[in-house]
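Below you'll find the structure I mean.
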Amino acid sequence: MPLGAYLTLAALVFAIGLFGVLTRRNAVGILLGIELMLNAVNINLVAFARFSGDLGGILFTLFTIAITVAEVAVGLAIVIVIFRVRRTVEADHLDLLRG
Amino acid sequence: MRVGSAAVALVVLGLPFASFLLLALVRPLRRSAVAAATVSITVMVAAVVAAFWLSWRARPLELLQSPSTTWSWIPADGGPMATVGVMVDGKSMAMCMLVTFVSLMVQLYSWAYLHDEPRRSLGRYYAYHSLFAFSMLGLVLAPTFLQMFVFWELVGLCSYLLIGYWYDRPSAARAAVKAFWITKLGDLGFVAGIVMLWAAAGTFDFWELFRLAHTNGLPPAGMPLIMFLIYLGAVGKSAQFPLHIWLPDAMEGPTPVSALIHAATMVTAGVFLVNRAFPLFMLVPDVLTLIAWVGAFTALLAATMACVENDIKRVLAYSTVSQLGYMMAAAGASAPDAGFAHLLTHGVFKALLFLGAGIVIHVFHTNDVFRMGGLGGQPWLWVPFVLATLALAGVPPLPGFFTKEAILGGVFEAHLTIPFVMLAVTAFLTAFYMFRVVFLAFFARGLGDSHAHHHVPPLMSGVCWTLAALSVATGVNLARQMLAGAHHEGAPAWLPAFSLGLAGAGIVLAWAMYRRGAIDPARVATVLAPLDWAARRGYGIDAVFAGLYRGALLGFSRVVGWVDRYVVDGLLNVFSAWTLRAGDRLRRLQTGLPQDYVYGVALGALILFVLAQWRMK
Amino acid sequence: MSGLAPFALEAGIGVVLLLVFGAGLLARGEDRRFVAWLATTGVLAVGVLAMLARPAGPALGGMFVQDGLAIFAKRLFLAATFIGLLAGLSLTDRVFVRRAGEYHLLILTSLLGMMVLASARDLILLFLAFELMSIPLYVLAGFLKRDAAAVEASLKFFLVGSVSSAVMAYGLSFVYGATRTTDLARIAAVATAGDPLLTLGLVATLVGFAFKIAAFPFHMWVPDTYEAASTPFVAWLSVAPKAAGFVALFRVYFEGAGDRAATWVPVAAFLATVTMLAGNLMALPQQNTKRLLAYSGIAQIGYMLVGVAAASASGTAMVLFYLVAYVFGNMGAFLVVEALARSEGSEATTAFRGLAQRSPLLALAMLLFLLSLGGIPFVAGFWAKLYVFWAATERGLYWLVLLGALLTVVALFYYLLVAKRMYIEPPDRPTRVPVAPTLALSVALCVLGVVILGLYPKAVVMAAMRVASPLF
Amino acid sequence: MIPFPVLSVITWAPFVGAVLIMFLARHSPLAVRLIALLTTSISTVLSVFIFVVYDREAAGFQFYEKLPLVPPLGISYEVAVDGMSLLMVLLTSVIIFAGVFASWTVKSRSQEFYALLLALVTGVYGVFVSLDLFVFFLFYELAVLPMYLLIGIWGSSGEVRPRGIFGWAFRETGVGTKEYAAMKLTLYLLFGSAFILVGIFALYVTAGTGSFSFLELEATTFDPRVQFWVFLAFYVGFGILAGIWPLHTWSPDGHASAPTAVSMLHAGVLMKLGAYGVVRLGMGLLPDAAVELAWLVGGIACINVVYGALSAMAQTDLKYVIAYSSVSHMGLVMLGAATLTEAGLNGSVFQMFAHGVMTGLFFALVGLVYEKAHSRAIFTMGGFGRAMPGIATAFTVGGLSSLGLPATSGFVAEILTFMGAWRSAHPWWLVPAVAGTFLTAVYVLRVTKQIFWGPPSPHFDHLEDARGPEWLALVLLTGVIVVFGLVPALAIGPVDTATVPILTRMVKP
Amino acid sequence: MTAEAVAFVGVAVVLLGSSLAVVLTPNLFHSILYLAVALVATGVVFLLLDAPFLFGVQLLLYAGGVVTIVVFAIMLTERLVGRTIRQASRYLINGALLSVAVFAGVAGFLVQAPLAGARPGVSGDLTLAVGRALVGAFAVPLELLGVLLVIALLGALYFARSEP
């Protein structure tokens, strides 16, 4: 398959992830959307690396995956602490700060 | 033509100014009435001496030599833009003598007249007087239009200050402002005119301008407008129709002030202006004709109003307006010398009239002629006044007869028939209304008897007698000249008799109505009801001006003020409020919902994508 | 050891990190504020070291570079961090006392991220440093974890941050794809203007930077986070990461790009326009001083973007100068708010009522900061704005400069409102406002910075020019 | 020349005074005043000194000082005066000197008051003497900003009822309060400075000489398109400060709310700064655009003259009358400049001076009247002349100067403007200019009559005349009005040497 | 259609389908399971791109690690709240529109890009090369990654543990 196919696939996944972030009410659900977006990045990177024969993309992917994990960990911790304080993880209820 | 010494002229000019400075700046002097009056009068005496000396030592002028001496006033790159100096020709020397002399007389008279005034403010009075003398002398000595305008406005200022001398009186305060405004209205034309003349000729200097006029160096196209505008200045200052309305009100000032400023000197500045600039006016015959018409009309109009006026000072004021009309008409009829002569003689006897009126006012404490009378037994009071009245009415051998006759002759010669008729009627009316005053104020029985032996300070009557003597002397002198054959060439021979007849008729009518009682004034008034009604109301001209002021000016200003506050500034406030509101609106984008923030990021990214796409192409 | 020279500062921070970590582990008892002192001293020490640092060649195969720009930026980060930590020493909330170890570890890590970011010349390292800088911030924002507002702010920050970094990573992947390398030097060499993939990549990457520097419309986390988080942290947050964002921006978009940098003029100009507009307008109705400063900070970013839009050496230098001025002005303002909030228990602008009569010096300090932010002569901010405008004028961006200058007027409106509260309105009570010594010291440092830069900007301007010119 | 940096001393002496006041005179109001007096005296004496020793034959810029600040960017501290700025410096000195006396009785927080006032004055001096546009701009800002606090703290509020279709906006912005006025003034003027800044930068960039020096820029000929836009920017920017219609509305509110000395300085000097900017930078550097746009400048000036006078007539608050009269007179200033003639431009500069002194006198008097009578409502006052003859006299002199009565400096300025107007490309400008003087006569004399003459108003008693230091202010300002009215050559001599070169550049032979 | 193409299409369908399910399914727990599927599918994509090493990492770190953490989180919150968390979606249409627009924005660039380059052959052992790089040039970044993970853990711990 040509590079374009992979890129398009990644773009689609990216868009779907974004859609998830925009529409899910549950904070955890939003996190999942972010995961999808980062996943798309990885597909892109690997595809580019494969088609250019360059190692950088692979390394980049490795780092991205690790960073993602760190992000998710922190994100989930925030969700938990929010839940503890606010008794909800519905993002729509989190509007103490506005204006 | 004769020219005087510039140095002496400067002395004449400088003396009253020094006196003014002294009185204005040295507070103890100002607060002490005696010292102030002494300084002012002493200086004035010196000025009179200097003025006469100036005239005495004048020498003949060589052909094409300028009678003016000037110094730079407003510098500019290529030589001064405006100059100041003195122009000492026959006219200005004569005016100097008139001004200083009458000023001296009035100042002396005032000392007695204003004896009851608070001492503290007399210093102010004399300071104003000195300033006035300085300004008036500056005006007559001015060698340039600009300098003339400067002093022109300064005499206006003095007039304003002196009319409002009793500023506690609302009417005085109002009259002062009115005088200033109305004359200023004319001065707008004056200043515009001289500026335009400057633009056309490149100079303000009379002598230069005359030379240019002589050599056709002035652009003919703009001249009528320019000269008309300059004439407007004279209209305001010399109380020509329709700007005459300030002069009767100006009588709110102390009577000596009226005598000096609003009769003898300042108001004649307009006439002097036309005379001074006559070589330029000669270029514009249409404007001259207009001047003649307006002058004659003013003369007649004022005379009719004088006939129905009961306030002695206002009668004299209308008479002044009327006589100024005469002088202007003379100038308009290309007989400026006649007008100028009338100016000089009128200056003396009109001052006398006012000062005489001041005496009766002093005696009766009223201005109303119907509440006076019974002074027939005191000739030292009425003789000077009656002499002056006769002079004004035009009875020989008093000076008014000769100068007035010369004016009539000049107008007749210029084939200005209707103005001539108007002036003739005015001559008749003048005799009538003046003798109306004489009969009522001095010789009526009854009302005023209780005051009949009121003490009149000798200083006041002394001044009056001096002026009367001067007037008679002038008249005799003129009569001598006439008999010696200096009669105006070309004027019809019947004119003196006609003129005398008019005066006689007026006197007789007045006698018949107010002395003899043969004709009931009330019946005459009924017969001429519409005229009487209109004349008593000043023909509504005052009302028109008041309406324009209130309705047009103040009303419009209120509209502008409102527009500025609520529209111009309002728009600014709208912009400010919009900015604040925009901030508030935008702030609401910040909903506080986490995902809306992500929308922001996504939208922002999208916009950047689109922008980059668009840039790539 | 010469091989390590380029990393000296990072290594220094690493040592401080370890010390703080160790001290935190060893500490017994509730009061662990000595950790804070340790961290502050450590940062100061590294700061002194940074003053001595000289540019060194690239290391790690060109991945890491200690050039003038990096050193300039690192000095800036260290200064900001020092002031922030110094001010934080006075925090007496229980959580800061007990958890001083975590707090400082997080700040130091983030600082480490910034410093690496300033030196990163490789996409991978860049992204990693970016995240290293960002992730601790999410935690720090919610450090007051009992506070509903703080954790909510933390979540928003995290959410916007991770979406932005996802977009950024996506963009970086395209940059890599278009150029087949992650080395910025090589990218600059290979890149051809108008390559769609590269453009897409750079634009998407810009989203990440825009989030970090809080350009409109990526700014939305800013006001909420600033309002809720602890003030000394916010003071630092409002300047240091933004400075890092700008430096990285210069690296990616300008370094070695030469004339092609101008491609970014319209994009940056657009961002500058909307950011200035939105920031200034939205600050107008604010009643909470921290929110006010947040929006004003967004506007300031807009002005810096004007300098970015100039896409020139002088523009870059002016932004660097602006950042320095901004560090002092903005941090100072936040710290005064902190001082006042501590004594009045309120962060509303009304807390400033009559301050000039209660504590004239504090009021004067605040006035100076506000004037600096407003861009008024003889304080640092004036030169900053002026130089930035100047650089943009050289590009012919007259309209942008005019807009910026006009919006300064809008900005002065809200700055002057605070000044009005301080100077014109009468105080509610006559007592002096007590200020903790360390806080006072940090405010004084900021005042010094603002005034010295205002009176003698030349040294810093020259330094900025020197470090910026090699980029082009 | 003179090695002594006389201009720098003039400029910075008040600033030093401000600093001294802030740090040394904490608790002694008298010391505050004495320091202020001393430092402004230094400036005043030196201003008179340079006015006297300025070499009128040599003309051009004199007392030149230069100190490079940022050489690579072409910024230097470069000061000098020519005939025009010489007069402006003198004006500033006169006004601030009188202002120090006029505010002798400020009660609350006088330390800060004087410090801010002196800082402001430094800005004003700086603008007039700077030859470096950048430093010029710095001083400009310095001259504007202290205004906010000066009005905000020591000002007074009026009442403006929200009316008309924009009433809602009035409610939202708080029109009438001193805070509003202070904010409006400051922001409006800074709004203008934004345009100026862009203009200066544009000149700097397009000239390509890498210098902000006026002298170097003057030697550059700019592209007509650049000239056009930059001139517009300068016109709007400086015009706001000069109070051109319709950007003048800050001025009535600001002046009415400001404390006495601030109104004096602001109306007396700062507005001149705007006009000075238009002439110096607009016409001096952009001659072609100045010619091209003269119709605009002059046309708007005509509106100013008439509109300002009519608005003044409509006011019932004394301070607003004076403030609007400034709008009207600034119209004459701009009109004179727009005529592009020697007479007009000289008249314009002279009008700046004349109006500065006159309006300074007015505001000092209004302040005194307010202090004695605690009222500014014209139509409740009356007959004050009896109790305060000195104030009444000074007010009348000011009024007469304002309506252009000869023997006051106002006349010379007006007549020159008229002369220029009729010789300009648009002779009809003479009509509104002349009409303006009449309208001025109407409202000034009306107000004078109402307040000082006529029967005493029953609402007031225990009025008294000016006292002690207040007299100094009145006598000084009145004296200047008269002396310069009688001997205009004192001022016009040097001014002419400065305006003629500007004109020759504009109207090329 | 080559085998690779068939495989690609298959994987793509699975990936997109599961991704959609992640963002659409109302049951949060199901979402996670779908995420796991999606992550595995991504791993398969990596396989198709000749990166088996990454396939492993993906499986271990992502599908294993992440999913486990998330599951824990959900269990934790569900335990705290005491009921199954259902999740709803907000503004589906807006979200869809914006997502499609972003996709279109990206696609707009992609269609213009010259992506015709052929796929080069696989050269050498990728895993080995990656390993070498990580201990070579990328040693410092790797250290930093370690710091990042530690600090993230520290932060997460700070949040997660309940203070006395």
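For clarity, chains are labelled A, B, C, D and E in written order, and residue numbers in each chain start from 1.
Convention: a residue touches a chain if its C-beta (ideal position, glycine included) is under 8 Å from a C-beta of that chain, and two chains touch if they have at least 3 such contacts.
It should be emphasised that the depicted structure is a prediction, and the values quoted were computed from it without experimental measurement.
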| item | value |
| --- | --- |
| Minimum number of chain-to-chain touching steps separating chain A from chain D | 2 |
| Which of C-D and A-E has more C-beta pairs touching across its chains | A-E |
| Most distant chain from chain A, judged by the mean position of its C-alpha atoms | B |
| Closest chain to global C-alpha mean, per-chain Cα centroids | D |
| Maximum centroid distance from chain E, chain identifier (CA atoms) | B |
| Chain centre separation in whole Å, for chain B relative to chain A (CA means) | 95 |
| Centroid spacing, where centroids are CA-atom means, of chain B and chain E in whole angstrom | 102 |
| Interchain centroid distance [CA atoms averaged], chain C/chain E, Å | 31 |
| Chain centre separation (chain B, chain C; CA means) in Å | 77 |
| Interface hub residues of chain A, defined as touching at least two other chains | 7, 14, 17-18, 21-23, 27, 30, 47, 49, 52, 59, 63, 67, 70-71, 74, 77-79, 81, 91-92, 94-99 |
| Two or more partner chains touched - positions in chain E | 90, 94, 98-99, 102, 106, 109-110, 112-113, 138, 141, 145, 148, 152, 155-156, 158-159 |
| In chain B, residues with contacts to at least two other chains | 580, 587, 590, 592, 594-595, 598-599, 602-603, 605, 609, 616 |
| In contact (per the touch rule at the top): chain pairs | A-B, A-C, A-E, B-C, B-D, B-E, C-D, C-E |
| Chain C contact footprint on chain B (complex, rising order) | 579-580, 582-584, 586-587, 589-590, 592, 594-598, 600-605, 607-609, 611-612, 615-616 |
| In the complex with chain A, residue positions of chain C that touch it | 123-124, 127-128, 131, 135, 138-139, 142, 145-149, 151-156, 158-159, 162-163, 165-167, 169-170, 172-174, 176-177, 180-182, 223-224, 227-228, 285-286, 291 |
| Chain E residues within the chain A interface of the complex | 4-5, 8, 12, 15-16, 19-20, 22-23, 28, 31-32, 35, 38-39, 42, 45-46, 48-51, 53-54, 57-58, 61-62, 65-66, 69-70, 73-74, 76-77, 80-81, 85, 87-92, 94-96, 98-100, 102-103, 106-107, 110, 113, 115-117, 119-120, 123, 126, 129-130, 133-134, 138, 141, 145, 148-149, 152-153, 155-160, 162 |
| Chain D partner contacts - residues on chain C that touch it in the complex | 371, 376-378, 382, 386, 389-390, 393-394, 396, 398, 401-402, 405-406, 408-409, 412-413, 416, 419-420, 423-424, 457-458, 461-462, 465 |
| Interfacial residue positions of chain D with respect to chain C in the complex | 69-70, 72-73, 138, 141-142, 145, 148-149, 152-153, 179, 183, 186-187, 190-191, 193-195, 197-198, 201-202, 204-205, 229, 233 |
